[in-house]
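Next come two complexes, and both contain chain A; in the first it sits with chain B, in the second with chain C.
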Partner chain A sequence: MAFNLTRRKFLQSASLAAVALPLSKAVASESGIKRSPHESKGSLKEETVVGGICEMCFWRCQLVGKKRDDRLVKIEGNPKSVDNGSSICARGNAGIKLLYDPDRLKYPLKNVGERGNPKWKRISWKEALDECGGKLKAVQDKYGSQSISVFPHGSTAKYPMHFFERTVGTPNVSEASFFQCRGIRDTAYLATIGKAPGEKVDMPNAKVIFLLGGHFGENVHVSHVKSYIKGLQNGAKLVVVDPRYSASAAKSDIWVQIKPGTDTAFLLAIMNYLIKNKKHAEDFIDEYGDGFEEFAAGIKEWTLEKAAKECDVPVAQIKEVADLLAANAPSVSIHPGRHVSWYGNDFQRQRSLACLTGVLGAYYVKGGWVPAIGPKVGKTSWEHKEHEEEHNLNLNSDEELIYPYTPPGTPTELIRDAALTGKPYPIKGCVIWGQNPIQTIPGQEKMKKVLKQMDFVMCVDVMPTDVTMWADILLPEVSYLERYDYIKTGTQWDFAEEHQQYISARMPLAAPMFERKDQVYITNEIAIRMGYEKDIPVKSVEEMVDKNLKVAGLSLAQLKKEEGIHIREGKNPYNIPEDFEVVFYNEDLEDDGFPGVPTYIPVEQPPAGFARLLYGRVPVHTFNRTQNNVWLNKAMPSNPVWLNDELAGKMGLADGDEVGFINQEGVKSRTTTIVKTTPGIRKDSVYMGHGYGSANPLMSVGVNAGVDDTSLITKITVDPETGAHGMRNNFVKFIKDGKVIDIPSAA
Partner chain B sequence: MVHTSSTDHIAAIYRFCAQSMQYPDPSWLTNDYFSSLYGLLDALGGDNEKDNLKSTLASAKDYLEDLQVEHTRLFINGMPHVVAPPYGSVYLEKSLQGKYAEDVLVYYRSQGYALSENADLPDNLTHQLEFLSFLAEDKNQKAEEEFLSRFFLPWYTTFSKLVKKESQHPFYHVIISIIDFFTKEEKEYGVQLNEA
Partner chain C sequence: MQYGMIIDLERCVGCHACTIACKAEWEVPVEFGRNWVYRMGPAMVENEMASTYYPGLCNHCNDPVCVPECPADTVDMTFTDAKSGKTETIEVAATWKDPFDGTVQIDKSRCIGCGACADACPYNARYINPDQLDDVSEDGKADKCTYCKPRVEAGSDPACVQTCITGARIFGDLDDPDSEVSKYVKKGAKGIEPEGGELGPNSRYFGKKKDMALLFNSQKPELADLNQVRRRAMLASMVKPAMKTIKNIGLLGVVGVMVAKHAGDKEIKE
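What follows is the complex of A and B.
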């Protein structure tokens, strides 16, 4: 549009006054700019703000912020930290770009279009909360509390999750960190040593570090990597079991290029060899072991030769690993892993790792599995109310647990199946808080159908992730740099150093922008609207943190005085508890219909022309939550697919070729990525970094950048003991220029 | 404020433009507002634009919701993605709160202005227009010209093109064209003081 006169002429015209006078009457008197004649001139105040705790990943490093006026300009590690110290990773640095990402959610939005194809309208918080509270209450009234499902993730999601689980009374909560990540590890170790293992291996003081799939360097948690590197600097030998030449494999003394899915066979053979050759920790097992004889008898079939064949690894190499572990026992760090939902036979593998640690006597000893003794703080949240067990989807008709070793919550597939069948009851309300089930949970189309059939879907997030396209109401949450909440406690990571404990609480490094709100405000307001006002445990997130700190004799004010971190004397972590035991043969497991002795369960192999799709971490991204970060995208804009170089030659593919994928069920990737040819991957597998290829155009940086591996994970396997997912049982062929290319190794 | 001079009239136009970029709300989208807007379009010779806008509004099932959806899509979060966040830093530094935002704030302060308590970010389009309105009211032609050329136009030009290209509702096309008219030619013609 161009008006038919010049500005000069218009301003000189007689009509100016006639036009301008009504304009001034149509304008509100308030303005964002005000006269302030005494305003200080010149450059802005600079300051360092303490109390930050990172959440670019869940490791949560301690931070300080450099500010100019209200603008956060740089994030650094808190120099007082005995955890990450002044170091932070690339993602931690790039937090600024999350804070100020123009694509971030800013105001409550209402979907006036349809789920999956939204049309957003900004609405007031009051309207948004009325809608959320009203619609969830309607679902509850019509179908019962159990009809509300919750998909939470991250530190802000705990408070709302507890509200829905403990107060409203729905058992249907699925945390990705359990069911698509570490839950199997935790319950397998619980069934073996009575404790969830964390990543509590004393790597700085180990003589051998044993990683099964762990790829530190690509997977960066600052103090954990420091601890690993210190161990290597101190002379630890490194064993890495991985089908791929990972960053850790590149530092290893022994790289076991194992056939995917066969890890349990490998571990059983090592243990059988150690026992047969009396290289196991006999005294430790006598004192702390339970069911060792049954265990030894139960794994005796696993000779080195048998495992070598199954795992496609030389006999000599398995023996070499076993001898190395035995020679250095008990100072060996058998790493329990973290993301372990791989093949649907994972509980048995995790039990095997726990048993191997026991066979080597490597609990509570220098270099072994050693849980640090941290300080105690409060856990203020919603109180548990009495709720009937009858709506637990994890109970069969005989009222027995379907997945007896499930992590807390309800296995994801049980919730989704109930939602789709309406049996045993409908699931009609959905609260998604910080989780992105579209890119987290295998079976995207199934997840979409689940969301479609809901009466109401609400999402709370900082970014417009893929799942937010399915929301009716979308609420903008403050980021970790703009809020109080998480209390991080721990100890120094090298137990050879003076024992210290620390307590730090997240404090905002920048004021919240736009209309973003925190989890306590949002949850409480929904609770009021659902009729639970009298149950509200705290009025603000600051009150919650202060209550929790009070248990440790601290407060937010005191922590601020202490540069954000309180440090006190620590305790020696090496004393083994009197009641500690390693349950090698677990009778309860057998009673529940599962193997009492760790057992190898073979997994399906790739059909002809396909390779197994493996995925993992890249150092500059945390799953899919960082994919829209402009700095991190610049550092690694795509997720190249690793392809064995010999195969690439046969397939006519070269480095940099652009390819897409088709899986065993005919599902094609929406986008493409580039080929990375390497001898560092087995011929039966391909590999790509996880967390790319967002389908949501609102993520203007991350949309269609690389390939979304989860979109190709359509075959859903479920671990029988835990109900958690196995996510590496899908197979792909390549597509180049529209033509499907078979992968010849498996042909 | 009582408008008597040409600069006061310009100040009123800047404020009107600033108001028009706020989130659509019945508190200001009144009959008075629309008749003022139509009056301005008449004076500018924008008959076609006026007719087009009028007929779009008249035929809408819910004209307010249409404007709200369009504002959300263009300036907040929208499909396929937010079209044109109204913040200078986004165009100059691909981020909110870039150094540019700080420079704008320092400039406000240098002229004796500050952000109100509930203000948006300093480089928000609305605030820049409000600031220009104050400068016009102050008859501070030098600062007005300097602010337009140093701070406003370097990003606004890109923003304006984007909105005009992507806008699916004539309202924003009209408003952006009016802002164009009163800011873009400023450099060429200079601020017109009342010669009477």
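What follows is the complex of A and C.
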């Protein structure tokens, strides 16, 4: 390995376009100009390969690839797609630079140094799998199956996750997409309407779109952004509630610059106002509501004035939003959000959103919350085996659930605390598949201690992310461009258009290089070594995909003939199911010791001299996954910190100044970023994009670029109903040229 | 026919799909771009908060500043109108404005890589591609947006237009009164003119009043000092060693405000 010549230095002196210059012959064009060999040919006339499904994020747009001399040179949207069409976003376009990233994992590696400070030795697959299977079996024999923890993420992680959960029998699975992201949303809506809501609001046909923190444009899910922009183009009014003038606030009609942590009070006041002024959807509530009287009584303290004071927004503005929603109900899209792990009071906020939708009667109607009716496919995987219940960490000494409304899996903190204390039992095995807990879960140092004390840690990934530095065995996986696995189904995104359903299956656009393998191979080989050969459900990924497609009457061969996407007639989704219910006051919640009526729980305020650290998305990155991608890194090389311009003036900071941070526990950021001064953020908060500042030198482009916000999220807050994290309860001061700079109080 | 591009800022969400698709399509080296996206704001614009984007690209100007600055030896070039079959022969250096479709193009085989055109452009739309070397230039070739001429001629969309996730980029013939781009011009879509310039940019912007104000107040390109540019060009065509030194200074671009160390997220304070 060349230690001194980092790829970034190299890039500064010469271009490292991984795609070779075309050896095109001079061709006379229509204009009679002789083309130079230096003309880039463009991709239009190159070979098209179909069947790609993106996994740069989890929206999973449908792709085609353009190939030149057996090399993928461009990725485009599949024109047959009724989801993304021929469009894909910056990350989708940049998939080429993941596929051919020289820093990508290539061979099985064994850590012959120490966890956290690895020294990598290349080993054979047999040796690697022997060690993984052997060591995991040893942990299982010594401590029990429940001693194996799993941190999965992405479509490839489902198969191994099911193996460990269902076959091996450990309940200790911590999916980041639940416990650090959307789990709270799903269970809060389950407790209100009996279903997880997704992001299923009919924005193209809405008269008002209401976003609480949603910041489309800084986050990008292609067809969801299309849906949002279509709604705006169709004349929908946009209300954005956000402490920051986000990309969505920039297109809003009303921007509520709310004090962080107080959103529930805002929502309760709106609902109380609507009920008091008889602007609620009475007929809808009579028919579908449950516990509405108790609910109305329970929120009546929330006058506009009380909320205005708590939320630091004008009374008139809360009224304006409420009136706008009522005037346009029920064609209003109350967006359920996606990443909702904010403050540790989030279940109540999500319950409030679900109830507000009900107060407006905006379920299953045009412009409201409407789930599409999509096609069904199979879910072939490991079978559930019988296992004993007593190893559930989520039980207290009275055998009651600690967190009664957890999403699937076990709350991350319960797993980590058991690992560190050994009580009620030790956690000694760790399987990390496609997740980077180090840059995802609050309390980085705690996570490192948890990994240190394991008997065995294995990681499977495509890139050498930070957590891979803690693996004993590191396995290289095929990327989404080199494999089968995911079946994407859905409908057209605008319900005003012809109703169509689609089924597509991910197919490789390029052959795997080096020694990368797929998840079915890896899991099956480990399963054999752990003694579970007879439980193996499929021998290959293709077998699994074909079995799942068969349920819909399709096959991979058939899809290949249909340009990768099968389209058929769809169904009108605007029908309220007979048994639909909106549970405003939830008695079960109360029986479990939680508020039955959505309730505002205040959060800790920044201490003097500090501001709250807020984070969010940037459109060229997906969490921390993409930070090593040269094209994406070039587009946004670091994550500037947004600082209120008036405060910046007082602090002597200007645009472009390099700063680091120190948080309320004295933890300092390892790297620096630049200041962005703007009036578009509250004085009590600062904001940066999440997922920068990798500490792994093997990520030669992303290492130390920008600041790792997760490293500053050291105070751990957990939502009491769900056990999922709240991650915006940490506060920072700035450091410039070694000096700590206080943030003047907002007062 | 004059091809033009409209950027509809009401639709644009600043996602950067256009810049990456262009890079992939035309093999642009990592550190350069044929197009760019900068974020403007949030900033106050006449007592209103605004934030928008500057998705920029070559303007294929009506009266380009770059074309006359090219010091390469001229040739007579015959252009053919794809539709009518008409021909026109013009004396051109290594870069020209097509008489039939209005796009500005570069002949890589004759470009000497001096960078005069890049310096002359007030928008920083051109760069020297260091990967493209031959016996005419050891320093690279001028490169820029071509309005995806080969794709358009084959009946397809420019790569940026095709990938735009919100349909914010609209491409077509500005001389056709029924085209989408013409409709946008009638609605008030306008291009960014440099101070004191009348270049006639054909990449135009449309959006809410406050967003247009933010964009146009922030982006004030300056015309290059052409005396400086021409001195360089002259030297370049005469003395290669001298050209190398001067090029290192010159290629930083005359419009200093636009060039950022942290390109991609550019904000101008009001």
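To be clear about the criterion, the second predicted complex is superposed on the first by the 699 of 747 C-alpha atoms of A that agree within 3 Å, B and C clash if a C-alpha of one lies under 4 Å from a C-alpha of the other, contacts with A are read in each partner's own complex, and residues count from 1 in each chain.
Keep in mind that, in the parts below, a residue touches a chain if its C-beta (ideal position, glycine included) is under 8 Å from a C-beta of that chain, and two chains touch if they have at least 3 such contacts.
In this text, all values refer to a predicted model and were calculated from it rather than measured experimentally.
Trainee: In the overlaid three-chain picture, which partner chain does A:225 touch, first (chain B) or second (chain C), both, or neither?
Mentor: It touches chain C, and chain B stays clear.
Trainee: Considering only the touch criterion stated at the top, classify A:630 as touching first (chain B), second (chain C), both, or neither.
Mentor: Touch partners of A:630: chain B and chain C.
Trainee: If you stack the two complexes on chain A, which partner ends up touching A:703: first (chain B), second (chain C), both, or neither?
Mentor: In the superposed model, A:703 contacts chain B only, not chain C.
Trainee: Quick one: is A:437 in contact with chain B, with chain C, with both, or with neither? Answer first, second, both or neither.
Mentor: neither
Trainee: One more residue to check, A:619. First (chain B), second (chain C), both or neither?
Mentor: In the superposed model, A:619 contacts chain C only, not chain B.
Trainee: Answer with first, second, both or neither: which of chain B and chain C does A:69 touch in the superposed model?
Mentor: first
Trainee: Where does A:108 make contact in the superposed view: on chain B (first), on chain C (second), on both, or on neither?
Mentor: The answer is neither, since A:108 touches no partner chain.
Trainee: Determine, under the contact definition given at the top, whether A:44 touches first (chain B), second (chain C), both, or neither.
Mentor: The answer is both, since A:44 touches chain B and chain C.
Trainee: Contacts for A:119 in the overlay, against chain B (first) and chain C (second): which applies, first, second, both or neither?
Mentor: first
Trainee: If you lay the two complexes on top of each other, which residues of chain A touch chain B in one and chain C in the other?
Mentor: 11-12, 15-17, 19, 21-22, 26, 30-34, 36-37, 39-44, 630
Trainee: Hey, which residues of chain C end up touching chain A in the complex?
Mentor: Residue positions touching the partner: 10-11, 13-17, 19-21, 23-32, 37, 41-44, 49-52, 77-80, 82, 98, 100, 105, 107-109, 129-132, 134, 141, 148, 150-151, 153-154, 156, 159, 162-167, 211, 261-265, 267, 269.
Trainee: Within their complex, state which residues of chain A touch chain B.
Mentor: 1-8, 10-13, 15-28, 30-37, 39-44, 68-69, 71-72, 97, 99-103, 105-107, 109, 112, 117-122, 464, 513-514, 630, 697-700, 703
Trainee: If you look only at chain B, which of its residues touch chain A in the complex?
Mentor: Going by the criterion above, the answer is residues 1, 3, 6, 8-10, 12-13, 15-16, 18-19, 23, 27-28, 30, 32-33, 35-37, 39-40, 43-46, 49, 65, 68-69, 71-73, 76-82, 85, 87, 89-90, 94-98, 101-102, 105-106, 108-110, 112-116, 118-121, 124, 126-127, 130-131, 134, 164, 173-174, 177, 181-182, 185-186, 189, 192, 195.
Trainee: If you look only at chain A, which of its residues touch chain C in the complex?
Mentor: Chain A residues touching chain C: 11-12, 14-17, 19, 21-22, 26, 29-34, 36-45, 73-77, 84, 86-90, 92-94, 96, 216-218, 220, 222, 225-226, 229, 232-233, 245, 247, 249-251, 255, 619-620, 630-632, 634-638, 640, 645, 655-656, 674, 676-681.
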